[in-house]
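By written order: A, B, C, D, E and F. Residues from 1 in each chain.
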Amino acid sequence: MPYVNIKITKEGASADQKAELIAGVTDLLQRVLGKNPATTVVVIDEVETDNWGIGGEQVTIRRSRGQ
Amino acid sequence: MPYVNIKITKEGASADQKAELIAGVTDLLQRVLGKNPATTVVVIDEVETDNWGIGGEQVTIRRSRGQ
Amino acid sequence: MPYVNIKITKEGASADQKAELIAGVTDLLQRVLGKNPATTVVVIDEVETDNWGIGGEQVTIRRSRGQ
Amino acid sequence: MPYVNIKITKEGASADQKAELIAGVTDLLQRVLGKNPATTVVVIDEVETDNWGIGGEQVTIRRSRGQ
Amino acid sequence: MPYVNIKITKEGASADQKAELIAGVTDLLQRVLGKNPATTVVVIDEVETDNWGIGGEQVTIRRSRGQ
Amino acid sequence: MPYVNIKITKEGASADQKAELIAGVTDLLQRVLGKNPATTVVVIDEVETDNWGIGGEQVTIRRSRGQ
């Protein structure tokens, strides 16, 4: 019954990588807490780099400096 | 003053259906808890089926099996 | 499969009222979008009035003025 | 280490305005609570006006009336 | 830089189990997407069973039936 | 009409500091985007240090090392 929300910057994660995240986190919750995978929900949000800030600045700016 | 966030898979909900969700949930909060509709906020997120997992797999995969 | 998060101020909603919100929003999603109630998840967050702001001030302050 | 999520309607906020929101909120958390800007994360969600409700109706409808 | 929010019902997860969830999901994001663990943020919300609904009813009710 | 959610670790923020965050972020949205303060909602979540992870470990652990 857990609900997991993963937010990452939109920088080309493939469908297969997203499938791997969903399977991995569902498995983790079963192993650690015995949660039923059948009702574990995982939602991935991919956020534009202009809309994600860290250290007070946009990821877009950081990427342009090679960070 | 309540804030409601509804997350659904992006599978063709129409503008009218979304209007109905907004009106319905605002009305529900007024009926059950006496909340003022004027300041009730509802945000609907439509999520790609590749980004939504249940039972450890993507909705895209489930849909391809007719689930 | 929808996920709904309802945030309200912590001002004494009863267990029965919360049950009514859960039943009501699950029913709404079935009626409007045909969503399966069995996998509809609803999470209610009750937030201290010191931690909720509207109009630039805390709900605690507004309540002290009778708003 | 704070995490801030800002949700606004998608109505043309520029990259510069979003940069200003990110810098402003990061600075605010440093001034008020002494939080380290280096690990302050800000995520901005821009939501279609059909998907945002207030007062029981979509922002799209309100905008069409000049509100 | 990812942000992960895990919501579970408040039913006695220990500090060690929560540590394991945090380590596990941070590791998963590094393995699958190459995300830097140093800036991966994980927030766990533990929700009262009265405030969590699935299948249109509270988890409290389901637990009382042994589900 | 914006909605802002601020998550911080629960480490003694006072009511006055929370009031300052609410006023500050509401003002920021008015200055940068012209958003109406009357309908700007701010919700602050204070999260136990056991439930907040960064760098793959709990804040509780980091604090015990003086970080």
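The definition used in the following text is that a contact is a pair of C-beta atoms (placed from the backbone, for glycine too) under 8 Å apart; a residue touches a chain by one contact, two chains touch by 3 or more.
Keep in mind that this is a model prediction, so the values were computed, not measured.
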For this session: Averaged over CA atoms, how far is the centre of chain A from the centre of chain C? Could you give it in whole Å?
Result: 25
Exercise. Using the average of all C-alpha atoms in each chain as its centre, how far is it in Å between chain C and chain F?
Worked result: 20
Seminar exercise, completed: Shared-interface residues of chain A (touching two or more other chains) are 1, 3, 7, 21, 39, 41, 43, 52, 54
Exercise. Drawing the touching chains as a network, do you get a line, a ring, a star, a complete graph or other?
Worked result: other
Exercise. Which of the chains touch, listed as pairs?
Worked result: A-B, A-C, A-D, A-E, B-C, B-D, B-F, C-E, C-F, D-E, D-F, E-F
Exercise. Mind pulling up the chain D residues that touch chain F in the complex?
Worked result: 1-9, 13, 17, 20-21, 24-25, 28-29, 32-33, 35, 39, 52, 54, 59
Exercise. In the complex formed with chain B, which residues of chain D make contact?
Worked result: 7, 47, 50-58, 60-61
Seminar exercise, completed: Seen from chain B, its contact residues with chain D in the complex are 15, 18-19, 21-23, 26-27, 37-46
Seminar exercise, completed: The answer for chain F against chain B in the complex is residues 1, 3, 39, 41, 43
